Amino acid sequence: GRPLHFILGPCVIEGEDFVLKAADRVASIAADLGVPAVFKCSFDKANRTSASSFRGPGLDEGLRIMEKAGAATGLPLTTDVHLPSQCDAVAQVIDVLQIPAFLARQTDLLEAAAAAVLKHGGAVNVKKPQFVAPEDTRHAVEKLRGAGCDRVLLTERGSAFGYGRLVNDFTGLAVMASFGVPVVFDATHSVQRPGGATTGGNRAAVPPLARAAVAAGVDAVFLECHPDPDNAQSDGPNQVDFKDVPDLLRSLVRLREVVLNLH
Amino acid sequence: GRPLHFILGPCVIEGEDFVLKAADRVASIAADLGVPAVFKCSFDKANRTSASSFRGPGLDEGLRIMEKAGAATGLPLTTDVHLPSQCDAVAQVIDVLQIPAFLARQTDLLEAAAAAVLKHGGAVNVKKPQFVAPEDTRHAVEKLRGAGCDRVLLTERGSAFGYGRLVNDFTGLAVMASFGVPVVFDATHSVQRPGGATTGGNRAAVPPLARAAVAAGVDAVFLECHPDPDNAQSDGPNQVDFKDVPDLLRSLVRLREVVLNLH
Amino acid sequence: GRPLHFILGPCVIEGEDFVLKAADRVASIAADLGVPAVFKCSFDKANRTSASSFRGPGLDEGLRIMEKAGAATGLPLTTDVHLPSQCDAVAQVIDVLQIPAFLARQTDLLEAAAAAVLKHGGAVNVKKPQFVAPEDTRHAVEKLRGAGCDRVLLTERGSAFGYGRLVNDFTGLAVMASFGVPVVFDATHSVQRPGGATTGGNRAAVPPLARAAVAAGVDAVFLECHPDPDNAQSDGPNQVDFKDVPDLLRSLVRLREVVLNLH
Amino acid sequence: GRPLHFILGPCVIEGEDFVLKAADRVASIAADLGVPAVFKCSFDKANRTSASSFRGPGLDEGLRIMEKAGAATGLPLTTDVHLPSQCDAVAQVIDVLQIPAFLARQTDLLEAAAAAVLKHGGAVNVKKPQFVAPEDTRHAVEKLRGAGCDRVLLTERGSAFGYGRLVNDFTGLAVMASFGVPVVFDATHSVQRPGGATTGGNRAAVPPLARAAVAAGVDAVFLECHPDPDNAQSDGPNQVDFKDVPDLLRSLVRLREVVLNLH
């Protein structure tokens, strides 16, 4: 019976002090509940709706800050990569390289991530693209395995459902798990409402979806959390307030216990 | 903390003896687990893919058999209605009149069901059409309430997702609950694969979906079950074998306990 | 090289005088352009969003008015049927019985329409449900043929695409034509925006969609038209103003000529 | 009345001789019909389903071959770019830089393409992602314009419709045109059937879809064509045989004439 894992942290690096405080908060929540947690924060939001939106501090400064957060808390780290050329530097600092959904079919990015992880340790977490069926995520897994990387995770974050809306197909979780990889449920991006001048979201739907995913059998939950979501510099409408995280996690852990005792 | 309710039974009336045995089995499962259950069976499959498929015994004979099953077990009963002219007779025997998803926008059928239930007692359970958003199910609720019927349920059974496939939007459950009605999750029809010569299904997905729905907060679970699903006369690929029902229900009840203790 | 056919008329019977004027207008447009036209108007809108919306004059009064419109103009007539019990009376007056999309899987309605048309003459036009793949419309065709009716049409009116939106799959037109039936493109309901308090629409998209459908090879175009669409009692947002109909039809006829000369 | 433009050529560079012959064939088809044509071929298929699939000759060799094809035929050229670092070199040889649909939200790629085109001349053609609404393609247009590039095209190539299937929303063409850019219809990728071990397709649907798009008002048609599609090294199931191209183009030109005379 493996315990439920969590990937927690703000959407984007809003400054060094901001990140250190957020990592500290994640660490103490995880310690209080006795759950394994990975700290997540992005150095670059490379596909914002508008070119003038805040993107983050960039690779070098971002990695410097993340390294500090990892050292201060002892938490494993994750962040997303956008170009093959970033992977080696990222893997020197970050434990889990996350492949953004839009980029999950870019062979070179997957192979660079695999090579970097082989060299520096760590794992690769591929987000299921919104336009790809669960059964077709096996091609990404095979590309990574073909490049020598066996530490692979897959993340469900919704499928395109008409325009401006995503839907989670909970029958797909078992399909992805059948490829022999841990499956993560990204409750934050699953409630995005893409479209319009900025991407919106439906934060209220995060807890029921996360609970449903755990009951359906996922291995980990990804949740973006923020000390003040309504003023977040990215993805505010779907990040969870840090103060609401402990109760939510507690309920997920309890559901996990029921699931582990099913068989 | 309301207990989870169940709607259980075979898809279609395959004969009197068949129905009496099935109702007996539902009754003993419910008694063993101490859960409230309604017995479901259809007298007519009015929208089969092919005109030559088995449709059931029809209204009169179907009601006769269902009445006997109710009397023998004490279980409340549910079945679907297809025409306004059927509602009064059905409501004399059946407790919960079920409005098929395809017919949930037919004003006359809703009003006839409301009138029948007002006269003879009972409730109306409207299945969310595959082509209707959760927020738009309130129109069906309003049509029923406008006709004087306050005992209304809504059932999630999947939304059209491309061709030949349904998907459950678990963010819609709270939307439907916000209209002040109990929400049922129909795990059986949610895994249908419409299309082809006969409607297919994905029985293996029933348990994880049912668990997800309970964790997300539904009030009841609808499960078609059969003593020999592979030889069922309708909807075989998505009915659950009676022998697997107790374990599945037990897990759902445990998940419900976690959900009830959330707040 | 069959000429393009048209099905034209207002959504719902808004009174006798209204219908007679509308039929007259359809007749003179058809005569001016030398195109075959069928006059369409509904006696009952049986699936309105709200129970308090205008539904029309009902069966008897509706048929009386339609019969008068047919006699005055010589136009063939079409209207929709909602219950098996309506089909015989309707077929005595109406040439083309239209099966609403939501009801296209109701075996009894199809069989009653087939029987009525066999007895009184005419044809049955089945609207492809929003939740059915083009290849699966053959089941409706087979039900009708199995009941002895060979004069069958299929109508494309959009498929569910997420919530509140339809999309036309123009690759489906050839699939439906392959069943040996004329294929109609319903430009009016294809631009519906279902959902909300009343169904909305996008009238501006009617001409480009109708042109696209003709270029893709449909045999007929269905267009609801009204003398004052913004004040129509039903489906105003997607009906075309009568004054814009001749130019639109003229362009469709010219496109049809190109298509007929393709091979 | 602008004439219809065409973007024609094989999916991927299968060798120098192959490309020179293909470009010659495109040039003579265009000359025979008197239509403006751009020659298309890819130097790298960067998002193949499988890592072991043929990807093409790569950037340097690919540009060398394309330059030769352009010099031999006088045709303008187009190809796709995958990384910001490729744009400058590509724009030195290629007239229209094509942004793949999956990458159309990557701000850096759009800005690098804009800068390269500003420096070396040419235009940027953005493919509408399968997961983006037509109205939201304006963000890509604005990113390019914000970076100083006014020569922008948008290409429709289908939207995700359930799993493994795309659908063209022909109401979206006018929406994209409203941003003041020419709209291209990619008939080849619109009929892709993504999913499975290799991406499939439905070549028979290319002509009706292309005709529909022209009738709906697009400015250009993109068609991949090949001397032997069934043995193509990529996208065989949806490329058109060169021998069928002249007749198809002729019918599109005739439809365009009708559309140009509409107003």
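A, B, C and D are the chain letters, set down in written order, and residue numbers restart from 1 in every chain.
The rule we apply is simple: contacts are C-beta pairs under 8 Å (C-beta built on N, C-alpha and C of every residue); 3 or more make two chains touch, one makes a residue touch a chain.
Treat the numbers as computed from the prediction; the structure is a model and nothing was measured.
Participant: So if I look at the partners of chain B and the partners of chain C, which chains show up in both lists?
Facilitator: The common neighbours are A, D.
Participant: Of the chain pairs A-C and A-B, which one is connected by the greater count of C-beta contacts?
Facilitator: So, comparing the two chain pairs, more contacts are at A-B.
Participant: Starting from the mean Cα coordinates of chain A and chain D, work out the distance between those two points in Å.
Facilitator: 33
Participant: Taking each chain's centre as the mean of its CA atoms, how far is chain A from chain C in angstrom?
Facilitator: So the centroids are 49 Å from each other.
Participant: Rounded to a whole Å, what is the gap between the Cα centroids of chain A and chain B?
Facilitator: 37
Participant: Which residues belonging to chain D are in contact with no fewer than two other chains?
Facilitator: 159, 161, 163-164
Participant: With chains as vertices joined when they touch, what's the shape: line, ring, star, complete or other?
Facilitator: Shape = complete; every chain linked to every other.
Participant: Would you mind writing out the residues of chain A in touch with chain C in their complex?
Facilitator: 161-165
Participant: Please output the residues of chain C touching chain D within their complex, sorted ascending.
Facilitator: Contact set of chain C toward chain D: 159, 161, 167-171, 173-174, 191, 202, 204-205, 208-209, 211-217, 251, 254-255, 258-259, 261-262.
Participant: Please give the residue numbers of chain D that touch chain A in the complex, ascending.
Facilitator: Those in contact with chain A are residues 46-52, 55, 82-85, 102-103, 105-108, 110-111, 129-133, 135-136, 139, 142-143, 146-147, 159-160, 163-164, 194-196.
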